[in-house]
Amino acid sequence: MNVAIIGATGYTGLELVKMLVNHPKFNITYIANSTGEQRVDELHPCLQNVISMDVQKAQAKDVAENADLAFLALPHQTSMGFAKELLELGVKVVDLSADYRLELETYEKNYCAHEDKEHLPQAVYGLPEYYKEQIKTTNLVANPGCYPTATLLGLLPFVPYLDENIPVFVDAKSGVSGAGKKLSEVTAFCNVNENIFAYNPFKHRHMPEIIEKVKKLGNKELNINFVPHLINATRGMLVSTYVTLKEDIDPVEVLKNAYKDAPFVRIKDKPVDIKSTAGTNFCDIFVAKNGNALFINTAIDNLLKGASSAAVANANIMCGFDEALGVPNIAYVP
Amino acid sequence: MNVAIIGATGYTGLELVKMLVNHPKFNITYIANSTGEQRVDELHPCLQNVISMDVQKAQAKDVAENADLAFLALPHQTSMGFAKELLELGVKVVDLSADYRLELETYEKNYCAHEDKEHLPQAVYGLPEYYKEQIKTTNLVANPGCYPTATLLGLLPFVPYLDENIPVFVDAKSGVSGAGKKLSEVTAFCNVNENIFAYNPFKHRHMPEIIEKVKKLGNKELNINFVPHLINATRGMLVSTYVTLKEDIDPVEVLKNAYKDAPFVRIKDKPVDIKSTAGTNFCDIFVAKNGNALFINTAIDNLLKGASSAAVANANIMCGFDEALGVPNIAYVP
Amino acid sequence: MNVAIIGATGYTGLELVKMLVNHPKFNITYIANSTGEQRVDELHPCLQNVISMDVQKAQAKDVAENADLAFLALPHQTSMGFAKELLELGVKVVDLSADYRLELETYEKNYCAHEDKEHLPQAVYGLPEYYKEQIKTTNLVANPGCYPTATLLGLLPFVPYLDENIPVFVDAKSGVSGAGKKLSEVTAFCNVNENIFAYNPFKHRHMPEIIEKVKKLGNKELNINFVPHLINATRGMLVSTYVTLKEDIDPVEVLKNAYKDAPFVRIKDKPVDIKSTAGTNFCDIFVAKNGNALFINTAIDNLLKGASSAAVANANIMCGFDEALGVPNIAYVP
Amino acid sequence: MNVAIIGATGYTGLELVKMLVNHPKFNITYIANSTGEQRVDELHPCLQNVISMDVQKAQAKDVAENADLAFLALPHQTSMGFAKELLELGVKVVDLSADYRLELETYEKNYCAHEDKEHLPQAVYGLPEYYKEQIKTTNLVANPGCYPTATLLGLLPFVPYLDENIPVFVDAKSGVSGAGKKLSEVTAFCNVNENIFAYNPFKHRHMPEIIEKVKKLGNKELNINFVPHLINATRGMLVSTYVTLKEDIDPVEVLKNAYKDAPFVRIKDKPVDIKSTAGTNFCDIFVAKNGNALFINTAIDNLLKGASSAAVANANIMCGFDEALGVPNIAYVP
C-alpha cells in the first residue's frame, strides 16, 4: 500500500520515514514538508544510503495521486486544513497533531477555532488498547499526545477504584525531543544538561486531553492534576501517577486483566525505566501500593509509542494488517 | 577553631574538605578515614595544590587532641560508636549519618539497634530553618537526610492546611552522587545515562524520617508517600510534592512568612531547577495551585544543603559564627 | 539457518540477540552464557515480549546439535578453547574476541599463549571492505576490534601516501559500553558524566592490531601512535586520525575509489558524528587537508559495526546471504 | 579597588560577577550589558540572594566615574571601541575578546579591520605563566582564547625539541558553553547529547592565535594543525596535542622546569580529565612518550582558566595583588 508522509522535517516525521522505509507492506511514495527543497537524505543525513527521494512541497492533490494513506506530522491548525482536503479526496489519514483528538468544545478552549467540524466526529482516538475495533473501520485516526498515552495506559484500569473528589497527581518526565526541533533557550544544551525542572504545572494542553479521555473511557470526571518535567535525555518518557484508592484491590491483577490482549503493554515487577522502552513501541507499567496510596509508573518512547510508531500501528490496523507489522520492538541502545 | 573530618573518602567527606580548607574560622587539623594510608590530595586528586595533609586512621583520642569539633561523614552504625567516644572526650559533633536523626523507636525499626542511647536525646536535628536556637547550644547535631531536607522545607509550612486522611505524595529526583561511591550496577554509567527510574517506592528510609519530623514540627501525623527517582545527573535534587488543601490559602504568602528570616531559602516565581542550586547551600522553592491541589517544588544540592554545606552551617551556628560563613552561595556551573 | 549465541550476558551478546531475533534467514536455536540459569528475557528485561528462551550453560556438543553457525561473544582466551571444539564439530564460527585476530607472535606478545594454533591460520579478519572474498569461504571469522575497525577504514586508503618515518596519530573516542559491563570506578556514572579523558595512551591492545593490519593490507610498517579516550556517551566511537602526506592528493577521491562497492561506508562532506551511526552498521568517513597535514575522521557504533552487526554481516557473507541482511541501517535515536 | 563588568549577559560575564562578588579586594561598582534593563539577579536568577544591583546600559564615561578597572566580556569588534574610550579615560582594561590578542596583520586577516591601532601595541597577552612581569605594569591585558590557553601551556615547553617541518596536531575537545549563549542548531540539546563531533577543522580562529604565540614565545614557526571538537558537557576543555620529537628528552622534567613557579599549573602522573579542573583556575598537564611521538594532554575549565578566572588573575597581577586572590581553586563537582 502506498503511503505519504507530510511534515518530514521534524522528529516525528523522521521517525515515520525510518519505520516506513523498512515496512513490509507500506511503500513510501511521497514525502513532503513546507519548503520541498531537498532530498530526504539531505534533510536528514542519517538517512544517507537508506532512502533517497525528493521532498515535495506538500499538496493534497499530489498526495491523493500518489498514496492511499497519509501520515500528517504537522503543527496543529495546519494539520486540519490538510486532513480535510485529503479526506475529501478519499485518502485515509493518521493525524499526529492535536486537531482531531478532542471534542469540539475542549479543542476550541485549549487550541483554536476548529476548521474541520465535518470530519471531527468521525475521528477515532488512536489508542489501540482501547479503540482497536473502531480504528479498523475509520478513515481518520487522531494519534494521541505523548503524555496522554503514557498517563492513560497506566491510569485507565484504576479509574473504577478512585474517588472523584480526591486529586489525582501526574508527575510526568519527558526527554527533550518532545519539545520538537524549534530552537529555544529552554532546550539549549547548557540549560538541560545536568538539570531537571517542571514546566507549565497544571497548565499543559495534554491535561484536558487526559481528563476528557478518562471521562469518556472511564465514565468518571476525575480531578486530574498534571505536572510535566523536562529531563536530561533526548528521548523517553516516564510518568509517575499518584492516586488514592477507595477500596482495596490487587493492582497487578487489575493491570493483567486490562492488558491481556495488548501486544505492546508489558507489566513489570520492578519500577520501569525509559531506556527499556526507548526505540520501541512498548509501554511498560509497574504499580506499587502503600495503604490507600497507589503509585502507577509507566514508560514509553515519546517519539514512538508517544507518536510515530503508534501512528504506524494505527495505520496497520486501519489497513487490516497486524498491529505489530514493521513497528520496532527492540532498540539498539544498551 | 580546630576541626576534624572523619570519613574523608566519600563524596560528603570530600565536600567538607573543600569548604573547610577555605573557611575563615575553621582550621582543619585532622582528616581520617578507615585506612589512613594516603595524603588527602592523593585520595582526591582534585585537591592537588590546594591541601596536602596525611589522612589518619580514625582514632577518637587523636581527634580530641587535635580538634574541638568533628564532622562525621561515616556510615550509620559506625558513626554512633565514634560519636559517643568523641562526646565523652568533650568534642562537639556534627554527624552526617542517620544515627541521631530519629527517635529511638523509629531508628531501631528502620536501621538497627541503637548503641548510644545516652546521647540520642541531646541530639538536635540540624535544620537551621526550624531548630536554629537549639543548634546554638548543643554539642551534637544530627544533620538531616538529603531527601528530608528538600521535602520538609517545602512541606512544613503547609501542614496546617492539610487533611490527615488524604495522602501526600512526594515524587523526588536525585542525582547519582546521592548513592555514594560504592560500585553498583544501578549507578554504572550505561544504566543511568539517558535514563530515569524510580527505586524503593514507598520503602526508602527517608520516608519515616520525613513523617516523624512533620509530626514533631507540624503536630500532625500525615499519610506521606515517598517515591525517589534516580536521574541522569551527578548532583542535585528536585522534589515535587503533591498535597490536597482543605482550605483556600495564598501559598506564596505562606512560604514568605515561613522563611522571612532564612538566609538560604529562596522563594521563586518559576518552577525550580537543580542547576540553580547545585554547588550552593540554597534551597529554592516554588508553588502552584490548581483548585485544592497544591504542587510544592523544591531544589537543593544533595551533597551540600542535603549534607556537607548544611553540616558546616550547623557547625557555624554551634560555634557562634554566622550561619553563612564559608558556605558556598554561588557555583561555577553555567 | 540455525545459529547459536554463546556469551549472552554482555553488551555484544545482547546486540546479537536483538538482531538475530528479527533476522529473515538466521534462526536462534541456542543461547548460552557461563551460568545458564535464566531465560534470556530475564537476563535482559528489554527483551520481554520479544523472545523468551532458556539460556543454557555453554557446551560445545549442544551447540553442534542445535546450530550450524555460532557467534562467540566471550572473553579472549575462553573463546579459543570453545571455538576449537566447535570447529572440530563442524560448526562455523564468528568469534568476537581477540583470539583469532592477530598473527601468533603479535597475539602472544599482547595477550597470552595461544591455545588453538591449528585453526589460527585459517581465520579470516572480518572486515568485509577488505576481506569479503575470503570471508565467503572460511569457517572461522575473527571479528575485528572496535577501535581497529574505525581506524583502519579511515587510514587504509591513505597508506600509499604516507612516509614510514613520520608518526601517525590516532585520537580515538569511545562510548562507555566499549568497556563492557564489569563494574569499575572508571565507568561509574559520577566519573564519566560531564567528563572526558584519555586512558592507556600508546598502550592499548588495539594498537598492535592496527599496526599489523596496516602492514598486511597496506604493505607498510607505519609508526602508529594510538590514544583512546572515554567519552560521556553510552555508545558510539569517533576516531580522529592525523597523518602527514608525502605527496599531494585529493583525499575525497581516494576514499570514493576505495569504498565504491562498500554498502556500509558513507563518505560525508562534513565532520562525522557518533549519533548518525549509532544503532547502525555504517562507518561514516570525512577528510580535511591542510597543506601536508590530513585529518581522517570516522564514526561507527562501537557495539554494532565495531562488534555485533559486523559479526552478523560476516555471518551473512559466510552463508552466501547479502551482507546487509537483517543488519540495522537506521536507528531510533533522533 | 572598584571594578566594572561590561557584558554581563553571557557566560563569561556571569562567571566574572560570581568571582568578583566574593573577591576580597575588588568591589563591583558597575555592571552593564547592551540593554541595561534588569537587575543582575533577574538577568541571572542563580544570583538571587547573592547580589542585587541594576545592570546599566554600558557607557564609557559612567565606567570611568565608577571604577578603576574594567572587565570587557564583549564580542570582538565591539570590545575595541569600548576599550579605546576606557583607556583614554584612564581605566585599566582586561579585555576578554580577541581584539588585542594578535598582531595587527594576524588580527585583520582573521577578524576585521582594527579600530584601535593606538593601544594595540601596548596590550599584554594575559598568560601569566609567560607574561607575568609585563602584566604587572600594563593598563591593557588581552585575555587569551580558551583553546590557545589549553594548547600553549602544554605545547610551549616542548617547542625547542620540535622540527618545523613535521606537523603538530592539536585535537581539542570543548564543552558547549564555549560556544556562548546564542541559540543554534549545533548547540541544541538533541544535537549535542550522546554525541561528539569535530567542527571547523584547520579553520578555527584560535589556530592562528596559537601559531603566532608559539612563534613569539618559542621563536619557531611550527606547522600547527588544529581540530576542535564539541563534546557532551557544559564546561571543560581537554586538549590532546601530538608532536614528533627530534631528540630524546624526559618530558616530565621539561614540564617541571617550565612550571616550577606557576601556581595554577599542575603536572599529573595520569591522563588529565576535565572534571578535576572544572570550576577552577587550574591547568592540568600530563605527557606520554612513544619513541619520537609525544602526547601532551591538558585540561582547563574553558570559562575560567580559559576566560573569566584568568581575567581575574590578570587583574590581580595588574593591581599588585596575589595572582590567586579570589580565584577558585576548588569546585563543588564530585
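As written, the chain order gives the labels A, B, C and D, with residue 1 at the start of each chain.
Quick note on the criterion: a contact is a pair of C-beta atoms (placed from the backbone, for glycine too) under 8 Å apart; a residue touches a chain by one contact, two chains touch by 3 or more.
This structure is a prediction, so every number in the text was calculated from the model and none was measured.
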Interface residue overlap between copies chain B and chain C, same or different (over half shared): same
Centre to centre, using CA atoms, which chain is the farthest one from chain B? C
How many Å are there between the centre of chain A and the centre of chain B, using C-alpha atoms for each centre? 40
Quick check: how many Å separate the C-alpha centres of chain B and chain C? 46
Which whole number of Å gives the spacing of the CA centres of chain A and chain C? 36
If a residue has to touch 2 or more other chains to count, which residues of chain D qualify? 11, 177, 190-191, 193-194, 232-234, 275, 278, 333-334
Among line, ring, star, complete and other, the chain contact graph is complete
Footprint of chain A on chain B - complex, ascending: 166-167, 169, 171, 173, 190-191, 194-199, 201-202, 223, 225, 227, 229, 231-234, 236, 238, 240, 242, 244, 271-275, 278, 286, 288-293, 295, 297, 333-334
Taking the touch rule as given, give the residues of chain D at its contact with chain A in the complex, in rising order. 11, 176-177, 181, 183-185, 187-194, 232-234
Which stretch or stretches of chain D touch chain B in the complex? 11, 14-15, 18, 21-22, 45-50, 177, 193-194, 234-235, 263-264, 266, 268, 270, 275-276, 278-280, 282, 301, 303-304, 328-334
